[in-house]
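In the two assemblies presented below, subunit A is common to both, partnered first by subunit B and then by subunit C.
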Partner chain A sequence: MNGQTSGSIGFHVQIPTKLVRIDYPGAPGGIGPLNVIADGNVVSLGGTVLLTHQCGVYRNYAFDIEEANGTSINGTYAWTESFSNYSTTVSALGPPAPRTFNFSGSGLVSDIQFLGTTAPTCPGSNDNESFDMSFSVTIGGVTFPISTMVHISHGYFTGTPRVDSTITTP
Partner chain B sequence: MHLKNLLLAAFLITADSYLQKPPEQPRPDIGEAQTSREISDKTALQNAFVQVLADTGYAGGVITVTHGCQMDTKRFHIPKGMRLPHALDELTASDGKHEWRVSNGAVVVFPTEGMPALLQTRIQEIQIQDKNNLTLAVNQLLQAKPIRDEIAVLRLQLISPEIGFQQLTPGDSKPEPQPFLLHDTSLFDALNRIATEHGNVAWSYDEFDCKGSKRLRLDFIVK
Partner chain C sequence: MAAFNDTSESVNVSGSGVSPQNPGFVDANGYVETTFQLSNSTVAGNYSVSVQDSGGPSQNSLTFTVIPVITGISPPRGLVGNAVPVTLNGAGFASGATVNAGPNISVSNISVSSSTQMTATFTPTNSSSAGGDQSVRSL
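After this line comes the complex of A and B, so read on.
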């Protein structure tokens, strides 16, 4: 139980419930700048190069995974993102399979939203996709659903590069 | 007559390259590992595989070739605490189109009809910049010349990767990259080597024959 004590031993079972945008260097309010690259690197908020020789558009986001009372989670956990309501102008493909990330430490995480191709090929002027992301956290074999859902829309919209993220279930 | 023979030869070469399966290797002792969660869901094979492998400490990969635009979903029932080999047997039996094998220490699920040609493409030498940067490692492999050439020959179109989440560690200096060199390797073996070097991760190769175009998504789906 959350915050209860047993005899003289206090214990606390973490129950992650939500994903919250946070201020982070390079991402004020949790939202980084729009990056448009013609033949460049895709770089994470932590400064790590993730992709090279890419043509496309991307944006970094910063979040904290928290309990209902706003405490950041801490420990070893698996973070899973799942995709739904996927639509794209690029092909008739469905959503990708869920992704799981094994983390150890705090609930501070970054996400990167990218749409692009390997240079010199570039996306078409109306290549874009949109989808909903939902999340869960697994700690010690127990999976906790996260109430926050995020809607993503990214790519090129009649020539305009955009990466938009909206929290739809706070 | 010549044309007939040429067509037959072309068919045999294509069929041979497609039907090759991962080399049979003695199974390491994965019999002690057990599933850590119950799987009772209608879901994609990739997702069920990730859940079977979760918390076992094993790295792996899953290969799918879909004749259509959407990933197939199947109903899987795999109990918590089942021995890993039995769980993998159950997984592939429920799916009906895939087999599993241990290759270079990684647990791999692959189509019964064989491995896609691209995964068999050989790379003479490649220096992976950082075994802990799995997104960049896949990016490097896909940009290796033999792979780029084969992608062009097979007329595969790469799907933009879903990079996903990373942990933020404010104030900490970035860990030193841990490069390693791969010699005379297939793309398949390279992915397994990266997975086992890192440990506890899984890659996914998904090829779609979707409305006349062939599309490919290659990512680590467990990092």
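After this line comes the complex of A and C, so read on.
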């Protein structure tokens, strides 16, 4: 105004880039306890009962979607999970379809990994599956790839219930 | 300006918001020295400065320029492709002031609340190339 220009101040535009585990109540370090249920509920980190009367094993995870400098993103976006390198010992199981969730707010996302059946039927002692999860963020029709990959292995391994996760960010 | 007749001078500034210490004094080099006080209501722009002494008013005037300053922005960041309402704090914001946030951010809904605060909506271009630190200026 009046031909006068101020000095500048910075405004940072966030680009979603990576996924990191984050502390969350019930999931220190982003990893919840191993839950083995014979006829019980599958409960999310937020306390929501997702499934009832289940027999199997599950674990909750908490992640933060961040930009390259480690700052959590904040805004409105769609979060997509895709699956690859799937393998299983259970013929009835198959690769999960990609899933998309809409978020508005922080970059906090939770994930729950469960392998089980409706009680009283229970998984076999060697029923398990493993796969890789890759991710992307979509904003206004533009997709931003997330460099982080998560490998999941869960189920029963010679009778031992396990839910294991390995997170890799280049 | 012409030579001054007195050891102290009356300094006048056009407009409001710039208040000269009165009277100014003439230093050893013959220059009139004074201090301009800028209030919170001072807005950016050019102010005409003239001097008057016992010999009468100066025949010309000089320009004193006030530039706006941005001291804070909230929030300081926003997600690409998202419209982000921001508040700019500073001084000298004039009615009708605009904001330039560079080629990667579209600025809309600019509103000057006062000479020390204005609001706007920042919408970063929905592209990876829009990421990172952008410079914001008030015009």
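Here is the rule we use: the second predicted complex is superposed on the first by the 153 of 170 C-alpha atoms of A that agree within 3 Å, B and C clash if a C-alpha of one lies under 4 Å from a C-alpha of the other, contacts with A are read in each partner's own complex, and residues count from 1 in each chain.
Operating definition for what follows: a residue touches a chain if its C-beta (ideal position, glycine included) is under 8 Å from a C-beta of that chain, and two chains touch if they have at least 3 such contacts.
Everything numeric here is computed off the predicted structure, so don't read it as measured data.
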Partner chain(s) touched by A:167 [first = subunit B, second = subunit C, both, neither]: neither
Subunit A residues touched by each partner, larger count belonging to subunit B or subunit C: B
Contacts of A:51 with subunit B and subunit C, given as first, second, both or neither: first
Subunit B versus subunit C as contact partner of A:119, first or second or both or neither: neither
Touched partner set for A:36, first subunit B, second subunit C, both or neither: neither
Which of subunit B and subunit C A:14 touches, first, second, both or neither: second
Touching partner for A:71 - first (subunit B), second (subunit C), both, neither: second
Contacts of A:108 with subunit B and subunit C, given as first, second, both or neither: first
Subunit B/subunit C common contact set on subunit A: 141
Residue ranges of subunit A touching subunit B (in the complex, touch as defined): 24-25, 42, 44-53, 56, 62, 78-79, 81, 83, 90-94, 96-106, 108-112, 114-118, 123, 129, 138, 141, 143
Subunit C residues touching subunit A - in the complex, by the definition given at the top: 43-46, 65-73, 75-82, 84, 86, 88, 90, 92-98, 101, 104-105, 122, 124, 126-128, 130-139
Touch list for subunit B against partner subunit A, complex: 36-37, 44, 46-47, 50, 54-55, 69-71, 133, 135-136, 139-140, 142-143, 157-170, 174, 200-201, 204, 206, 208, 210-211, 213, 215, 217, 219, 221-223
Contact set on subunit A toward subunit C in their complex: 1-16, 67, 71, 73-77, 139-142, 144
